[in-house]
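Every chain is named by a letter (A, B, C and D) in the order it is written, and numbering of its residues begins at 1.
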């Protein structure tokens, strides 16, 4: 029996997840079967076209209907639409994969976690970069102690899609829709990776800036205010004693997708850049410099699923792996998902960065009592 | 009505093409529909498993049966099995996509071309690197004259899969099965790219070497002789006056997939390496150094088919693009295939490199009268 | 008439400056002549050997004697020995080139500035990375507006000389001798470059860590406490509205000399790494990616002084350029030095980073009333 | 007692060697003392200016006078002026350091070798890239067997100084003055490095091209014919069984100083590029990828002579090292020079490449009976 799946959202991420589901049978045949059942969106014509292309059986413009019909909800809408459908689904024990960041506000994120804890369903947040083979190899190296004691974490996510001040205003520029600017959009990825790889973050100092403070509306020439940050910077301490620096920008001229992290320990170091996602650079204190590894061998994470060594994969494969781990979790296998609890921790750190910036103070990251 | 497709071969390339066909509807919806109908191979059990995984309706161990049943043949077997099924298919006006090099001997390659010329079907050879977006962008730049007059072509294809002398003997080490060593296996790719980008090659000087001259059999410890080259080197002249150097190796320690080409002209230059297939480096004589471009914009070749700028694709996408262009050709659209005539020209150059090595002389590449 | 020069310090920096003075006549013949007159240090035998090698006429172990004898003082001793000889020299109108950071305490730095203001002599601080041709080219590009409005400054100085916890304790690990840890040692370089390239820094948030908190004494096995930071991190705002992040470490496994800076503006960007000091990467919003430039052309800063294009220079050339600009300033030419006023501003920022860390607060950088 | 030194030639190489001699006392104090005695050139005024700048006592326009006056001759003139002064000097037991290639013709090279063999003086050829620390480290690794059995040698020397067809004609474009084009100018460097690192070359296949066949005269607009190659390509076999490819060009748009070599063996590999002369990339079959090493440690070749680890050197340091080894040889120490015998072997290979191109045949490299 196939799991009936419904998506809210049919844009870029809708296609990425539809593609992932379509590819699983050939490459991860043991993954639970899925049926792309219903696609939800407001614009009837465009939803219908997307459903046709993405392989969905039918469409709806009402997420409540969708939730009633499915075993699994993919919540791929804007951040401010994450909470209600997700909570409704979890109440009905419908599994949920929710895009990141978990919510547009800490309060809603907490409500979602409560719903997840009370539900029998699986609730996962889509921090897809955990599924990059090179980063999973980095995690293996760290867990094996190859890097020694971690000292210095350097995470950046620099992109240029809004580098041009004439780039139109989008919902992400509106703090009410997005909740956060770059600190939430790209910063949540960096913070998730840093926590996952190095451990808990105890306090942060944040600095936000909005360097392009208005942008033209997409449909006319009126200027609309940008109410989110377009650059965030933060320093952090980890429970282990390591320190870190995080940077994110959507106005970083010259950077297409510099989602990079370097982790420096007492015995070694690793570094990664999403623009070269098949590569990991590894330094071992017994050697003299960073070694560049192509992470495509059969022995590498997910390596034997794909092509022979040297045949690279692309960005979309991270989403395929993510879907595989999510569906396995539904089948009670593996522990490969990012739980809502973890996503809430990320969001608390994001939120603390914002508050730290507002208060001009280093702030401890709150944890559950 | 879907085109019924049959594959000979169910290994790496079988999966790559099956995956390509499976992905076309979502990303290239205007491509002709296909039905993965029949998969041919000798080992009944393994063929059945592959057919199930790759989405084929049924299997056979007889290629003649297969040819009778299909509209399209994918000939993905060893080089010495290219000729007969392909010729049989073309005689029945069954379209053929044949893996490279075209054949294990020049004589068979010529027979295949004759069959293609006499057939109403489309006959294409699978030089998939023509479908790398970065290389298509390189071709656009060259055709627009951005590089000026081409002077120097530098092509390498260096891999290490047999770098270890203990790596088992395979059919590619047998000149009777493979026809050629690295000059055919990777050299044909380099030569195809060079011709496609720069134009006709008029003469070559070749040098072949077999540095590991025996290898253990896969199933026991007996040594089997290597009768193909494991490194080839060649210099060449192009009709345009440019000169070039080509190198290929399967014993290149440290290289996973260095399928690289640099083209230097009077006004600019480009360079590419398959290990970083989303990138093209471009030099323009008005500037001071090579500029690194991520070829993932909507305006880039096949760019709007996939993900937003900065979201990279992988090796397999070259095969998707190749299948798209092949199916379009069947529908009488586009001119995106590598014809058997072109593949024969590549094979003549490959063959001339071998003869040049044997004779210790620079040799002109023969062309049709 | 030659300028009589005296050095306090005969280690690495002593040799670097002696070499610089020795090389000026051949490459910068218009620079004022100098006479390496007297070398000061405590260990009579080692000073004598160094004087012989570095070309000094005689030696002393008394800096007051030295100051009396010379026209120019090079103060190359530990940070806590910068103030007194420098002030004494300036009172006698002896020109001073003082190593960085200006002093081991803000108070002494201020005293040195007062002495400089009251003296007729030239007082310069040895921030030698301003004299890297690639960074001077970066400054030209910024001043010409090529980068547009600066948004994001990313400075790191990561080295590994104390990465091994068994590396012996040195005076730099003692806050009383050094005044500061990495924030002063390498951070002052980064902050100087950032200010010089982008303009005034208005506030900072600092974070310091001492990850290796004791080290073996050089001469026995006793453990000595490390009382300075070995990693510092800071975020900053610039007067112009740009924001920045600075990082420095002496325990950065895998980094030999990553003195790197990236400056991202609305219209372009540049980046530099001292490990490849002949190179500048330049992004221009009219292009698609960073362009790698070898900054060795005749037209480049100091380019025609050295070798033909493509023939690289090394680290020591930065010190030669620095000496040239210093001696020119003595001859009332050019404005190529880093004044004590500027060095004090750097030190105030360094000091504010430390205080910000201690207070857990973002702090404004004080300026003169 | 100092060695009296005379230079023929006062251009780029004159300055490089004068600088080297001037720097030896501080960094290589045990090297024999030298006295820059006499500088020879035709243009009286320019020679006088150069002598003043380079520290020579007096000048001459007559090389025979010079030879009579000195203990050591540096022959830095055009290739066709190498033979006579060198032979005259050696007959008088004057030591000679001669620029590369040894001569403009094989016949003259052989005469020079005869003179060297009959002389008591040291005769060395200035292949300065043997003195790059990274390449000496490469040689150590090869000699220690770290790379295993060498398989594939890839040498390029690609520069762009004549990439523009409007770049003026120079003596190097005249086969009568230069003897050879790029195969002699840059090819001799590549071939020297390949032999030095990998061993004897037994046969070659050459291909030469002159892509810009006339150039404007420097002083007027008349076109002068280019009678040397501007690109050479060659493949080669080594005595050891390795094969290699060599490429050189002076019209390689986008390349400032790509003097690069990669050596691939059964157990490892190294690669180097002069544009990053402080770096060596090393691959070890026990690892997964190339490791980038900064060759500036005390333990590295010439490492303790210069600055602390991480402080890079430049191109000119190769000439300093070369002078050190030359002067040591005069003092009967070390074996660090390139003998005329070795330089003749290089020239024979260069010459065989040219003949191979003319004959369209692979040719054995002749050796002494």
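Heads up, the rule we're going with is that a residue touches a chain if its C-beta (ideal position, glycine included) is under 8 Å from a C-beta of that chain, and two chains touch if they have at least 3 such contacts.
Predicted model only: the values in this text are computed from it and were never measured.
A.B. asks: Comparing A-C against C-D, which pair counts more contacting C-beta pairs?
C.D. replies: Between the chain pairs C-D and A-C, A-C carries more contacts.
A.B. asks: Using mean Cα positions as chain centres, tell me which chain lies farthest from subunit A.
C.D. replies: Computed centres place D farthest from subunit A.
A.B. asks: With chain centres taken as the means of their Cα atoms, state the distance from subunit B to subunit C in Å.
C.D. replies: Centres of subunit B and subunit C (C-alpha means) sit 55 Å apart.
A.B. asks: What whole-Å value do you get for the distance between subunit A and subunit C if each is reduced to the mean of its CA atoms?
C.D. replies: Each chain's C-alpha centroid was found; their separation is 41 Å.
A.B. asks: Report, in whole Å, the distance between the mean C-alpha point of subunit C and the mean C-alpha point of subunit D.
C.D. replies: Roughly 36 Å, centre to centre.
A.B. asks: Going through subunit D residue by residue, note those that touch at least 2 other chains and give them in order.
C.D. replies: 256, 289-290, 294
A.B. asks: Looking only at which chains touch which, which shape fits best: line, ring, star, complete or other?
C.D. replies: complete
A.B. asks: Give the list of subunit B residues in touch with subunit D in this complex.
C.D. replies: Residue positions touching the partner: 148-149, 151-152, 154, 158, 163-165, 205, 207, 209, 211, 231, 233-235, 237, 241-245, 247, 249, 251-256, 264-269, 283, 285, 289-290, 360-362.
A.B. asks: Once bound in the complex, which stretches of subunit C touch subunit D?
C.D. replies: 12, 15-16, 18-19, 22-23, 25-26, 29, 53-55, 159, 161, 256-257, 274-279, 294, 296, 306-317
A.B. asks: Taking the touch rule as given, give the residues of subunit A at its contact with subunit D in the complex, in rising order.
C.D. replies: Its residues touching subunit D are 287-294, 297.
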